[in-house]
Amino acid sequence: MATDVGTRTAGTSRAAPARGGGWRSVTEHWLTQYRRVWVGSAISSFLTPLLYLAGMGYGLGALVDGASGGIDGVPYVLFVAPGVLAATAMQVAAGETTFSVIGAIKWQRFYEGMLATPLGVRDVVRGHMAYVLVRLVVACGIFLAVAALLGLVRSPWGLLALPVAVLGGMAFAACCYAYSAGLSNDQGVTLLFRFVVMPMQLFAGTFFPIEQLPGWLQPVAWVTPLWHAVDACRDLVLGTVTPGPLLGHLAYLGVWLVVGLLLSERVLRRRMVI
Amino acid sequence: MARSLPLPAGAGMARMLVERNYRSFRRTWTVLVSGFFEPVFFLFSMGVGIGALVGDVEVGVGRTVPYAVFVAPALLAASAMNGAVFDSTTNVFFKLKYARLYDSVLATPLGPRDVAVGEITWALLRGLVYSGAFLVVAALAGAVTTWTALLAVPAATLIGWAFASIGMATTTYMRSWADFDFVQLAILPMFLFSATFYPLSTYPPALQWVVQATPLYHGVAMVRDLMLGTVDQGILVHVAYLAAMGAIGTVWTSRRIASLLLR
Amino acid sequence: MAAEPLPAGDPAEPLISARGLVKTFGDFTAVDAIDVDVRPGEAFGFLGPNGAGKSSTMKMIGCVSPPSAGSLRIMGLDPATHGPAIRARLGVVPQRDTLDEELTVEENIWVYGRYFGLSRSEVRRRAAELLEFAQLAERSRSVVEPLSGGMKRRLTIARALVNQPRILLLDEPTTGLDPQARHVLWDRLFRLKREGVTLVLTTHYMDEAEQLCDRLVVMDHGRIVAEGSPRSLIEEHSTREVLELRFDSDDHREHLAAVDGVADRVEVLPDRLLLYTADGESAQAELGRRGVEPLSSLVRRSTLEDVFLHLTGRTLVD
């Protein structure tokens, strides 16, 4: 009954485990919350890439193919599809590790609630990132499946584009998380989207080969995680993959992921444990 | 009696709200100023990247222009829409729901009409500055070829009014941030498909009708006419469409603010 | 299946024990070497104005803020090394609600229970009980956002009980609630206390401290300035009764001479004089004989507010 809520508090038999629910329970929180908003989110994360594929790949593609016969003989829509795949991963990653992180620290204060339980900062970061992983796999998986149905995946290697795009997303997400965890308000998020996310989408090889950029800009594109993800995905989907560059891309993205995770924990600890 | 009036009460003091926004802007200027870069990045990306792939685009009978010249007016129109929608949805929602700004505003002599007009005016002023700056960049990039391009600035402001007013009215129906994904659903297809990145003639005739029904198409076509110097009477249709949209949106917004906050 | 060998509940052993506990933020010392013992089953209060160091102390006890110096043991364990194990047996009600406003009432408890590693079925069972307890059973499927302040507060408390904590930490539990909501909440806290939950709370409300606390410390500028039960503090630092006088005057000090010798002690506030005396009514009569005519005069019992005023020379809520 209602009144025995506290009577067992001093008892020991059914006490909560001292280590708590771990990062899984944090992931569960975000997934539970996502269930409530998934309709709208489905639109932005599933339809957005398809709209870009239609508008740029097919629409603009008609112009490109008519003028120059595609890119290196590849029809433009085939060129763009893997680019949009990798770019989608970046978009979802940034979307799930910016406002929601600041919100959990400052506005809704979920993290304060979580850290009052046996959970630690590491659980909070990993649980959040595991949720991002789920979102990335679903968003990228659906896009890749649609692209395959449209005949835009030329090689069976294209299947591997899914884990590669997801890795790219996770690498970027980890760094966005570290950045967001240190922000004092959401202005910084707007700046991140305007000066990092958006330019990256425009210049890191999604819509045209980076060789067309002015020479001084190409190294900037090389630094971005998106270019590595795009280049790897494109090679896999078009069946032009070679082991050397692929491993190089994966290693580079792996470094971003690990550094991002370590930084995230550090920044969040400094923020929450004072 | 007041209920039968189309416009809720105002005290003619909308400028007070504009002034309040200006004060707040001085503290958050980085975000607003950075908004200017969005169309510039697009112009650069399209001009350098896509332009080389596409070459020249046919814009009238026997007339072709470089792709950057073709796409610049569309980017100006689209960014006027994006900026207006962002200002009138996200920002207004925050003020309406979290900062509870309007509750305190309406406790003063200001009325709901002042709130609607003030917020929309602010969105317009911002858009005016953005489009002016973008035009300068476009001119430097060689994408401006005629003096009528100067009229693209007021034209962009008209686009801003149309979208800001409808956007703010829509915002008054929003329940949570999750609903903003639906705004995205309306904006993104318009951005991609309103003859922004390729000519209307790329579409099959049946689809051309659909495209021509959207407000951004009229915005793009209007600005493109002005910047390419191909103005004819057809532009009046574009202007009338957007002006009607702006007027309807403004009245709708002030009525919604009244019914939400003056219960 | 107790997961961690926690010390048995020896009644003599304090549940929380702090010695020379310090918390500094840069140059600022929020908590300045305090000693505190909280015994099992008692309701213990930290009383003080805003900025006295109450919340910082609570955060250290909650193992989310490492002490800058001194020692702190909670259930016999050191927060620095056993933070998760301690937090597993604590319930925390923070100053500002940290509810997930996009989830329903019951989902909030489910999700929170999972943080403690409780199974889904266990969490659901407890949520049903707790919502009954918090008088929110009818609202269990509604979203949190539109709930009233009092309901949200009760939900936060219900949520904090999901792990059946030995100690419930409440940081200003009723700040910002209307009087009726406060009484409902106090009633729930009484029940918990009767059931043996140790309550540790901060407040700047005197009535709350007197209602809820068996024992309390008065904090000011990070230090403890007095300690004891509400009754003993009043006896020690105040008189049985207080006579409050208001005059039609901008400066009540002008009237000090007129009341000289009537009471044991006089405090001057901007809007009134407080005369501390064992017998308020005879003091009132004496003033009448002297021909002193205040705008209003009121005899009341001493409260902790008077204790605080006496100890610090300041009022609590300003």
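The letters A, B and C name the chains in turn, as written, and every chain counts its residues from 1.
Following the convention adopted for this analysis, a contact is a pair of C-beta atoms (placed from the backbone, for glycine too) under 8 Å apart; a residue touches a chain by one contact, two chains touch by 3 or more.
These figures come from a predicted structure and were not determined experimentally.
Comparing chain pairs A-C and A-B by the number of C-beta pairs in contact, the larger count belongs to A-C. With centres computed from CA atoms alone, A is the chain lying nearest the middle of all the protein shown.
The distance from the centre of chain B to the centre of chain C, each centre being the mean of the chain's C-alpha atoms, comes to 53 Å. Spacing of chain A relative to chain C, judged by their CA centroids, is 44 angstrom. Averaged Cα coordinates give chain A a centre that lies 30 Å from the centre of chain B.
Shared interface positions of chain B, i.e. residues touching 2 or more other chains, are given as 176, 178.
Among the residues of chain A, those in touch with two or more other chains are 36-37. Multi-chain contact residues, meaning those touching two or more other chains, occur in chain C at positions 102. Against chain A, the residues of chain B that register as touching in their complex are 28, 30-31, 34-35, 37-38, 41-42, 44-45, 48-50, 52-55, 57, 176, 178-182, 184-185, 188-189, 192-193, 197-198, 202.
Considering their complex, residues 1-22, 25-26, 28-29, 32-33, 36-37, 108-110, 112-120, 272-274 of chain A touch chain C. Considering their complex, residues 36-37, 39-41, 43-44, 47-48, 51-52, 54-56, 59-60, 62-64, 67-68, 71, 76, 187, 190-191, 194-195, 198-199, 202-203, 207-208, 212-214 of chain A touch chain B. Interface residues of chain C facing chain A in the complex, by the touch rule stated above, are 1-4, 6, 9, 25, 40, 62, 64-66, 83-85, 87-90, 92, 94, 96-103, 107, 110-112, 114-118, 122, 129-130, 132-133, 159-161, 163-166, 191-192, 195-197.
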